[in-house]
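We just call them A, B, C and D in the order they show up, numbering each chain from 1.
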Amino acid sequence: MATVNMVQALNLALREEMDRDKDVVVLGEDVGKDGGVFRVTDGLFARFGPERVIDTPLAETGIVGAAVGMAAYGLKPVVEIQFMGFIYAAIDQLFSHAARIRARSRGRFTGSLVIRTPYGSGIKALEHHSESTEALFCQMPGVKVVVPSSPRIAKGLLLSAIRDPDPVLFLEPTRLYRLIKEDLPDAEYTIPLGKARIAREGKDVTVIAWGSMLHRTLQAVEGFDAEVIDLMTLNPFDEEAVLQSAKKTGRVVVVHEAPATCGLGAEISATIAEHAMLHLKAPIVRVTGYDVVLPLPKLEDYYLPSIEKIRKGIETVLKY
Amino acid sequence: MATVNMVQALNLALREEMDRDKDVVVLGEDVGKDGGVFRVTDGLFARFGPERVIDTPLAETGIVGAAVGMAAYGLKPVVEIQFMGFIYAAIDQLFSHAARIRARSRGRFTGSLVIRTPYGSGIKALEHHSESTEALFCQMPGVKVVVPSSPRIAKGLLLSAIRDPDPVLFLEPTRLYRLIKEDLPDAEYTIPLGKARIAREGKDVTVIAWGSMLHRTLQAVEGFDAEVIDLMTLNPFDEEAVLQSAKKTGRVVVVHEAPATCGLGAEISATIAEHAMLHLKAPIVRVTGYDVVLPLPKLEDYYLPSIEKIRKGIETVLKY
Amino acid sequence: MPESVIESFHVKRLDILDEHGKVDESLVPTLSDDELKKMYELLVLSRIFDQRALNLQREGRIGTFPSMMGQEASQIGSALAAEKSDWIFPSFRESGVYITMGFPMHSLVQYWSGDERGMKIPEGLNIFPLCIPVGTQIPHAVGAAMAAKYRKDRVAVLVYFGDGGTSRGDFHEGLNMAGVFKLPVVFLCQNNQWAISVPREQQTASRTIAQKAYAYGFDGIQVDGNDVLAVFKATKDAVRKAKDGGGPTLIECFTYRIADHTTSDDASRYRPKEELEMWKAKDPLLRMRLFMKKKNLWSEAYQKEVEARSTAAVDEAGKKAEAIAPPDPKDMFTYTYASLTQRLTRELRDF
Amino acid sequence: MPESVIESFHVKRLDILDEHGKVDESLVPTLSDDELKKMYELLVLSRIFDQRALNLQREGRIGTFPSMMGQEASQIGSALAAEKSDWIFPSFRESGVYITMGFPMHSLVQYWSGDERGMKIPEGLNIFPLCIPVGTQIPHAVGAAMAAKYRKDRVAVLVYFGDGGTSRGDFHEGLNMAGVFKLPVVFLCQNNQWAISVPREQQTASRTIAQKAYAYGFDGIQVDGNDVLAVFKATKDAVRKAKDGGGPTLIECFTYRIADHTTSDDASRYRPKEELEMWKAKDPLLRMRLFMKKKNLWSEAYQKEVEARSTAAVDEAGKKAEAIAPPDPKDMFTYTYASLTQRLTRELRDF
């Protein structure tokens, strides 16, 4: 039983899956010799060689576009985009093709590929290195979006993502890369996409979060009888689990670091407002980043939902 | 007083503003000699010449990227993207730069530019020619998103968009281009961004829509005492108007042709669920396109919110 | 030491069959009479299919359609140089390529009538559905070639795009990757001189499209795109080079879009009539006919017979397409994901 | 008629000052002694600033920092060829360019400490904030040049990017537009042989970066990027050509990234030590010193004096930056839009 951080867990998942299935290839900038700027692909180049662990030119459109062709040919490409802030150039290929090739070819070709990318704030990084625009991708039919919240979960979800027949955007919270260590079972395991996880049971309020905000949330709920849901798959998200908990507690707080406007919190809130309204005892509160251009490190902490802000949100809904 | 359709109204707005302000330039694919594939820039090339009405190479990233540089230099570029389905390659330049250059340069440079693009379904077009992904753009702080619903409104909003100091995505509903004619006042007028419009007063239910769906909505509400809001500016949207009406009627239906998931309806619903919950008598219902890859013409009508579907949504909330 | 030349390039052009049916014997590809006839018959069939599609559109039986008229030699000549096992990535104007590769014509008609079921790719045919966002198919071809190389399959990948497509970042990123990894790709640019209303000189300032290959470290060549023999030879050579590990080639087929951009376009708004007339004289079918005649492979009777056969096949395709029952509205839920999500299940239930 | 050559190119390389301080007199740009000294002093200042920044990062007083060590000649030589009225679009490694253009050093320190206020561009200085998404600044420069041309302003636009940047679609679309519209842009590629861990040969298969210009119909030239005189001359010529309506030029500064990619990188994981040593011998400051010495413009005393002055200026900048009070948290609401939206007003109120 290995005790590992998330980087190591992801690395293990890649290595084991590449050992198991030689159709799995890794490509991206600096994923080879360098092992990726966060070392998630460390050692894979030495183990599998340059044909399977491919250092590409600096070209996000081309990388994801090539992955579409590889997937159509029958491989299982796992792309690394160095930071989520650099994925925008790949959106056209992801939305116009990866998400649609199954429909366009009536199932003959699939966009079965994974795009891994570090995301989120909280590591005092340069501009464009702290993006959290997950909701952009949840909006496009055909794309799946996954965010792990711990090493164990990261490994299980990544294996499922690689084996999934549809394109999966796999968002890795940089803040969690080395923050937590966990024991991994030796036996192979996967965690299904599309299912949420009750991270903590409770009766008075449901708090929904994912990625690095899940941890702040778990700290924030101390002292409340709160149920905490770790969404894990953001699209398609586990409506049933969310609605069930919302109906049970009658109070909902959604936490994410992206700005409020059109963030995933909006979709979750709207889904509840549409399908569980009569069970609600209080307004649905969103605790999110502000609707501003992401500030640089000096103001990062003021931008992010803090434990205090999350507690305030919970207290607000508990007032009713 | 001229009676014109939306294409003519937009053309007038461009011509008058270019006459008024020589910093305004138009650029895009086929906007010159051809006058744009929908003829919105018809006659501008002859009137203002190739330096101001610029036929560009086929390069959406470069076009919007160049517009960022033009705006920084002090011009007011009005970009035409031939169809919204081709805007994805420009998202990186729009999100990473147009939306942020003001913040990045601390106000020294601004992303004061307009991106016009035909959008929406309902004209039996080819794949990628019916996109309605407006919510993608509402999510990015720094970007404004505008959708006109009539010729008169289109002219007033486009003038405001061109004069706006921030980047504006101006979405033109292709279905409305030639559907409606309206009289335009001879005197110059503008319609402020950020303000919604009560298209119809009512007491029992608030129905929120924009663009081509507004017209279906106005037909659908026949016989109901419904208040219809034409949002006009999708980002930043007029929260006050929306909340005021929602509080008044206690029942809300949002209509848009984009899929439900993470559509703008989600944000509107969430805003109401957060700030007007106690006034609500019924769940907030979204009548939207399905969460599928947009079908081709033969199934288009089944995909779009129909008058019947909108009426069903209204009846649903009126049951409470 | 001072100013020194460190690299030189020479861009070549290949012409074999001229407008008068005269050929450069030293370059004519070795093709049997049957192969030459097949080539010619495909040119005729494509032309007749194209004309029919334009008629169907006028009659409102299909939607917007992009005619390939004038580009038959570029499409048939290149597609004939591919084997069935090769991978083909068309753009949106490649009816001639689909037909040559054996894609059912009635499916094309069905697709253009607004029915996605027409793009169901038959098993065993490695051709991609047509790609509408200009240039975006280029990286797909590069990725397929990476996969083929990784699997050590002896296949070439052909990807089609226009002169306008060369301006897109996808072109650049795709060709650059193909050069770096020395991939078995043949980049086929049909330079038909126009991108809707934008003439070739305003699309790029380079004298040729072919020379763009040198930015990526491989060869480019311009061929007379109305000369089916030249296109065939250049593509055949590039396909062989690709399969032999020689890496990618960029082929610029210098041709012309005779029709409007699509049926929604009116080229008279922006295109000089004289230019059109000048190019009509370069018709790829005409010159091939003259060549065949010299070889005693062509006669009036043969022409009539070929046209009759082609027309019958196109009639058949039209009938077959029209006979297909409209899609079940629920069909739209089928292919977004491999299986229905919770939400899609609910939406389908309430549909 | 058969296979004919229709276009030829010759890529040139410019070298003026070699590693031993020897110059090609026929090519040395005419610079006064004061101008040469200014040039040398900027090389020294940039080097000292760079070293200081690396120290500040080690001490945790600034965040991640990309060193420009080894590229001083490319940056100072090119920036000195621009006038104050010209427009400059740096990438993210151009400390030397900012310093040469007169951007306050303390602002650079402030910016790298994670404070956006450091990127407030002083009025009258036409330099863009640094650009982190690789290559995306290239279209901005092209747009600014379109605007300048439209306004008939006699300005050149200089845009900086790396070898890795040439792989991005933005590079392609930007250079292509510049060629089509014959814009006054100087494209300055600092080919420092590496894009983080990706060596130049894996970035593109073309022998040179310079030759990529011919894909866009204008000239490209490779210069010894460690030779400040060659970089200055090539840029000066390109700037003049731009202002005279001659259109764009691509300049490949052939240089080397001596330090790690950034302070978060460890180049020893992927880069051969010998290569690094080989390039250290080509140090741009050293050869300029030898040249100055031959011209009796350099002495030990002078060196000490220049270093002292530079160190004092850098100390001063550091102090000034550290003395700045931390930003007001509410500052983050100020520049997203020209004025606060309804929502931002609420968020600010509840802040």
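Keep in mind that, in the parts below, contacts are C-beta pairs under 8 Å (C-beta built on N, C-alpha and C of every residue); 3 or more make two chains touch, one makes a residue touch a chain.
Model, not experiment: these values are computed from the prediction.
Setting chain D aside and leaving every other chain in place, the chains that still touch stay joined as one piece. More inter-chain C-beta contacts link the pair B-D than the other of B-D and A-D. Chain centres here are Cα averages; for chain A and chain C they lie 40 Å apart.
Averaged C-alpha coordinates put the centre of chain A at 30 Å from the centre of chain B. For this pair, chain A with chain D, the centres built from the Cα atoms lie 36 Å apart.
Contacts with at least two other chains are made by residues 57, 59, 61-62, 85, 89, 92, 96, 103-104, 127-128, 141-142, 236, 261, 291-293 of chain A.
Shared interface positions of chain C, i.e. residues touching 2 or more other chains, are given as 116, 133, 167-170, 172-173, 176, 180, 202-204, 335-336, 341, 343-344. Chain-to-chain contact here is organised exhaustively, every possible pair of chains being in touch. Here chain B touches chain D in the complex through residues 25, 51-52, 54, 56-57, 59, 61-75, 77, 89, 92-93, 96-97, 101-110, 141-142, 144, 164-166, 194, 236, 238-240, going by the rule given at the top. Put simply, chain D touches chain A in their complex at residues 63-64, 113-116, 132-135, 164-165, 167-170, 195-198, 202-204, 264-265, 269-270, 326-327, 329, 331-333, 335-336, 341, 343-344, 347, 351.
By the touch criterion given at the top, residues 61, 85, 88-89, 91-92, 95-96, 99-100, 103-104, 127-128, 133, 135-136, 138-142, 235-236, 258-259, 261-267, 269-275, 277-278, 280, 282-286, 291-293 of chain B touch chain A in their complex. Partner chain B is touched in their complex by these residues of chain D: 87, 89, 116-117, 119-121, 123, 128-129, 131, 133, 136, 138-151, 169-170, 172-174, 176-177, 180, 335-338, 341-344, 346. Residue ranges on chain D touching chain C, taken from their complex, read 1-16, 18, 24, 26-27, 167-173, 176, 179-180, 182, 202-208, 211-212, 214-218, 222.
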